[in-house]
Amino acid sequence: MENLVQDAIQNVNMAAIMPSFILVLFGMAVMMVTVFSPKGKTAHISWVSIAGLVITAFVAFGGWNANEVGFHGSVVMDNFATFFNMTFIVAAILTILMSDDYIQREGYPLGEYYALILFTTAGAMWMASGTDLLTIFLGLEVLSVSLYVLAGMFRNQLRSNEAGLKYFFLGAFSTGFLLYGVALLFGVTGTTNLQGIADAFASGETMLDNSMAVAGMILLGTGFLFKIAAAPFHMWTPDVYQGAPTPITAFMSAGPKAAAFAAFVRVFSVSLESMQVEWTSMLWILAVLTMIVGNVIAISQDNIKRMLAYSSIAHAGYAMVGMAAANEIGLSGILFYMLAYTFMNMGAFAVLVLAGKKGEENLTLEGFSGFGYRRPFLGVAMTIFLFSLMGIPPTAGFAGKFYIFAGALKADLVWLAVIGVLNSAVSLYYYLRVMVYMYFRDPSEDFGWVKMNVATTASIILAIVGVLLLGILPGPVMELAKLSLF
Amino acid sequence: MTPVSLSNNWPLFLTTMIVKILVVFVVLILIVAYATWVERKVIGHMQTRLGPMETGWHGLLQPIADGLKLFFKEDIIPSQASKFTFVLAPMMLLVPAFITFAVVPFGPDIEIGGYLVTQQIADLNVGVLYVLAMAGLGAYGIVLAGWSSNSKYSLLGGIRSTAQMISYELAAGLSIVAVFMLAETLSLREIVMLQREPLWGVVDFLPNWYVFSQPLAFGLFVVASLAEINRVPFDLPEAETELVSGFCTEYSSMKYALFFMAEYANMVVISAIAATLFLGGWSGPFPGFINLLIKIFAFMFFFIWLRATFPRVRYDQLMKLGWKIMLPLGLVNIALTAVVVILMQ
Amino acid sequence: MVTVYHYLVLSAILFSLGTLGVLTRRNAIVVFMCIELMLNAVNLSFISLSSFLGNVDGQIFVFFVMTVAAAEAAVGLALIIAFYRNKESIEVDEVSLLKW
Amino acid sequence: MLDSYLPILVLIGIALAFALGCVVLSGLVGMRKPGKVKLSPYECGLPPVGTAREKFPIKFYLVAVAFIVFDLEVVFMYPWSVVFKKLGLFGAATMGFFIFVLVIGFIYDWKKGALEWE
Amino acid sequence: MTDHLLSLMTFFPILGILFLLFIPKDNEGLLKSFTLVVTLVVFLISLPLAFDDVFKNSAGFHYTEFAEWISVGNYFQMNYNIGVDGISLWLVVLTTFIMPITVLSTWNAVEKNVKGFMALMLLLETAMLGAFISLDLFLFYIFWELMLIPMYFMIGIWGGGRRIYAAVKFFLYTAVGSLLMLVAIIYVYYMAAQSGVPFENGFSITHFYSLNIAPELQTWLFLAFAFSFAIKVPMFPVHTWLPDAHTEAPTAGSVILAAILLKMGTYGYLRFAMPLFPDATFKFIPFLSVLAVIGIIYGALVAMVQEDVKKLVAYSSVSHLGFVMLGLFAMNLQGFSGGMIQMINHGISTGALFLIVGFIYERRHTRLIVEFGGLAKQMPIFATIFMIVTLSSIGLPGTNGFVGEFLILMGAFESELRWFAVFATSGVIFAAVYMLWMFQRVMFGELDNPANQKLKDLNAREIALMLPLLLFVFWIGVCPNTFFEKMNPALDNMIQQIKGKQMAQVEIVDTTVAKNDYLLK
């Protein structure tokens, strides 16, 4: 018993979870600040949260090359985790920047909003750095549960209610599958530690028969695929994305998706290596399906928010291409792509935040007629983001797609790559449509646009910088992504 | 020769088990029945009345009379009441009350024909969790009763009492954590054993009853359990004057009797648990179970006394007490215990 | 004699029942209970497996699953109630403002 | 295992039998003259108004949620309390942080007025 | 100076954009003149290239610059690797030369949102120059895609009635093609890595030239490239975006489109598709030549029946580009140099034609032939200029058009494409027919339409911007050698390379098959 305690003490190693730990502390601090500050004032809270995120960013970056292993090898702070942590932090900061004015305007000035964002980010970090199915599961749940609330934040908007409810139901549903998969893998290998599972498969000393392992893998995959909104588990995405508060939609499409990918990649490429043949072939099909579904349905959307939701499905598909390639380039391509996607997609949503008016109206294409002339800056910004989403150089989107498809071709998945580029050709159409409305249509009657405000504008500028930087000089970041593989 | 566990000899095991159960059950019912009588007498005298005097010597047969009367009463099930739950509810309340007693040890292990017989129906290693679980079940009985009888009073009473029960269940649960931190076990039997040693291992003229080392926990537990079984001053659910006796408004005849029994059974049970956790259970000068009975009766008298003395608290006061005072106190108590124990080591 | 497989089969059945319930039932609360059923089916297999393998990881996992389930319950019910207050109904068919 | 839980099963059986017995028997022997008025729910003698199954204050719900969460935290404390002495300072510190988080949540609840009545 | 000449030339417009942003958007005159200055400066910077004699006797790349751009471990590396040889030289100069003229032409044409328009012009110039000078496939691709964006907006915002349709069609066509090319590029890159091209060379085409790729693989890769370029050229089946784009685009847009963007396609064939995949090239020459000839004749015939002058010119360029392609497929020096010179001719004369159409459109806001007639009396200077340009576009001896078409046909006759040449020749005649017919209907006859009676003749600005073009019409027509002497070495070398490699391929094919099987898996 005593030596057990000693063992536990030696294995704690807070360094392995320091970023998320700080973030959680800040989250609680924000909660306290919220309850002790006058109702309806949230600006200072948002700044506290941003401060927290910045500090976390520094700490997290300290984790580069640190390879801290903690808690009996159930958490590790390696480059992989660090890279994703950075992505999450960027996403969170952008979200918070674009949020404050928005929630004031929509009439829900709640400090909890920020606390929940911080908790979500912390959960995402656990997912990225978890090396034990238990920690990954915990991270996933912390993330999801906070997101359920955030999606349903606007209590009296039926749209928001529905978004929350649907996200909750399908999220919990998928959690069930994930857990069942974990249980089966546990039964087969007798451990929930990723490396342990891998070793068990390698040494062939599995308790139950391997068909159960495959079943477990499929169920686990299902759980993750739900979270990354891959077809055929994407049904929740458009509704939730459309219904949730716009900044939260932006956040969902970037942070949690990246987190799900992080866990997905780690689990499958570390512990299920021995079954790579099976899951790559499965992902091949699913990636194609996802890209096609996302792009084709997006064409017929005339609500931009919903269109972006479907496009995010498609982008998940592109990232899955990298996963199906399952080689170094493809996997590190996912890392890079997620960061690029965070910038461009959140930028686009930030523009939507300033484009809509109270109650989220005029996010339709019609509402965007002549947008480029009424709001020149926003128009240009939106254009840049859309080109990036299309994958036109010199933008982050192009660099990301290049990286991913390069991975696919490296793995000789020529047809997958071809299907991929053809899909992005399809995607051109609906992205161009937005621009057509923004610039080629005469301004419709004035919609009483929301006033510009510093924070949101800042987030947009940040996103633009990110998109162009990653587009014109992607080298360093790509190098980082390369070094981030385990 | 050293005594061996009974489980190697099934026939004997079964017989002893049946015997124990029957004895406990009968005793429990007797206590419950006469608790009503005692209560009326005691309160009567406290209010300088005599209480029941007619049936039997000093109304000694009163409980029986009441029972018979209720037994022959018409059994009304209101229209639009959901029948099944309506019938189920009283049992949901009574059964947990009775079976909670299974884990209460009422004496030291005795040796019969070379076999070790525990004076306890079932010695669970998680006895306390079992107790809490049963206590939790009680809430269902009440909320079901309140909901199923399709009467506004019942519904309000039911919901109120549920809220009250869960609130205080929390406090009770927290308060006894401190005890386990000292006892390092969840088995009531072992807890009693530990309380037979001298206090803190040093003071040899006092037993190591946890009431001495955990007075705060004791107080919290007693109050919380009072509230949990809806006794005065926490008897809002059946507040006669405002809710026409709450969740059991629509009940009549034997079902009503069951609720009644359940209340007293609960009193007995929590007295027993409190005695076991804090007052050394069956340990004491006399043969085991007598000590236990004495402690139980003492508690019961105390409860009756409270009823005679205290007015009913307001609902907001009730909740305030539960959440804002007892819960923090419970946490503080745990922290204190932890600190002290660490310092002692 | 009852082997681990019996437990696994049982939990599989429970899990499938839960899944079916989620997919077929229309009352939000019932759907939610079905999800809980799924989680508890998983818990069952965890516990049986961990006793079969003789390592407690599974039981620890169950601990966390239970906690998480509780948190989900709290949030989920809150969402359902918020929806009910706006819509006066908890039929998931009514959740249709956005294309389902 | 079995020998510790079998008695409880038996006890449950007996208790149930007793409760059922009482109800059933009294139902058999008791007189029954049901009438519309008699079967209608009691509302101080007046004819009942509306249904009883109506909405009740959200407060109770809040209490329930708070209970779920806190009770689970308590559940975590039981295993800890049993081995607390062996864990020593380490265990105490761990649970200390646990309780700290709990208290944060509690303060939040309190300040948000989830515990206020009237 | 000279060692960064190309970079300076390429990115100077970007610099211009940065300054442009600070000019108030309502001060249109300043905006326009500023842009004009920028483009002129770029032209001046590019002049040293034109007068540099190094190209006369060396086929290699000059003014090269090399810088590591993106380098990701052992995954891939892209370099900023630029330079010009005899092939790209004249296209670069053509670009820098046409830009000021187009800017000048927008003086009255563009009213709304001048700032945006000028910025896009400059961006476009950078993209085009970059595409011509990049020696790194990846870099080329970047610029190639970058060209789409400004053109898309030019057509979409400042275009005519069906501008949205035209813009989207233009964008989709070209983007789809180039996306397939991207896949091919990456694939080629990996093959290069397999066959031991040093990593740090990145996507440098000079190294890719030396690759030996299994023929069956070449087929696919060539198709990917060829398809993308064919859209841009445009060759017959995929030409349909061109008439729309041309007719809807503003004058400046159509001029640039015709004069330079289309050359991207032919240039792509010459620089990438053919030398990289010689076997496939030879395999597809017959097929592609058929398309080219169809393009020539079909373009001519359709042009003949056009009501709209601009449409007519648009279709005429389909026909002309068909000639260019035919010249390239002839695979001999005459063909190549003819093709090259014809690219420039087409740039000059068709550009001039669009400008002319622009002039009358600005005056009458219609382009329908029936609306006009007898303009010659009303506006003599205009008539003369129009006449000269028409003749050059027909290919009258003494004008530039003649040189190009003559060489192309000669080359074709000498190669195994002579039967195609026969048909192609008919294209020349058709050209004469539709151009002259159009000219006669517009300029001669009696001036009956009252709207035409008060038409003003060309003003100083318009003459000024036409003169340089006319100058080149005759220069190339009279002494084309100025141009040939600098492009021929490179072209010759290119031909040797393609042919030689194709020969070499034949022997080593069996060895490569093994390697490429491995590549194919």
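Letters are used for the chains, namely A, B, C, D and E, taken in the order the chains are written, and counting of residues starts over at 1 for each.
In this section, a residue touches a chain if its C-beta (ideal position, glycine included) is under 8 Å from a C-beta of that chain, and two chains touch if they have at least 3 such contacts.
What you see is a predicted model; the values in this text were computed from it and never measured.
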Other chains in touch with both subunit A and subunit B: D
Chain pair whose interface holds the most contacting C-beta pairs: B-D
Chain whose Cα centroid lies nearest the overall Cα centroid: A
Most distant chain from subunit E by Cα centroid: B
Distance from the mean Cα position of subunit C to that of subunit B, given in whole angstrom: 34
Rounded Å distance between subunit C and subunit D, as computed from the means of their C-alpha atoms: 21
Interchain centroid distance [CA atoms averaged], subunit D/subunit E, Å: 82
Between subunit C and subunit E, centroid-to-centroid distance (C-alpha), Å: 65
Contacts with 2+ other chains: residues of subunit E: none
Multi-partner residues of subunit C (at least 2 other chains): 71, 78
Residue numbers of subunit D (touch at least two other chains): 83, 86, 88
Pairwise chain contacts under the document criterion: A-C, A-D, A-E, B-D, C-D
Of all residues in subunit C, those that touch subunit A in their complex: 8, 11, 15, 18-19, 22, 28, 31-32, 35, 38-39, 41-42, 45-46, 49-50, 52-53, 55, 57-58, 60-61, 64-65, 68, 71-72, 75-76, 78-80, 82-83, 85-87, 92, 95, 97-100
Touching residues (chain side subunit E, partner subunit A) in the complex: 69-73, 75-76, 113, 141-142, 145-146, 148-149, 152-153, 156-157, 163-164, 167-168, 171-172, 175-176, 179-180, 182-183, 186-187, 190, 519-521
Residues of subunit A defined as touching subunit E within the complex: 328-329, 332, 373, 387, 390, 392-394, 398, 402, 405-406, 409-410, 412, 414, 417-418, 421-422, 424-425, 428-429, 432, 435-436, 439-440, 473-475, 478-479, 482-483
Subunit D residues within the subunit B interface of the complex: 3-8, 10-12, 14-16, 18-20, 22-23, 25-27, 29-34, 36, 38-44, 48, 51-53, 56, 59-60, 63-64, 66-67, 70-71, 74, 77-78, 81-86, 88-89, 92, 95-96, 99, 102-103, 106, 110, 115-118
Subunit A residues within the subunit C interface of the complex: 134, 137-138, 141, 145, 148-149, 152, 155-156, 158-159, 161-166, 168-169, 172-173, 175-176, 179-180, 182-184, 186-187, 190-192, 207, 235, 238-239, 242-243
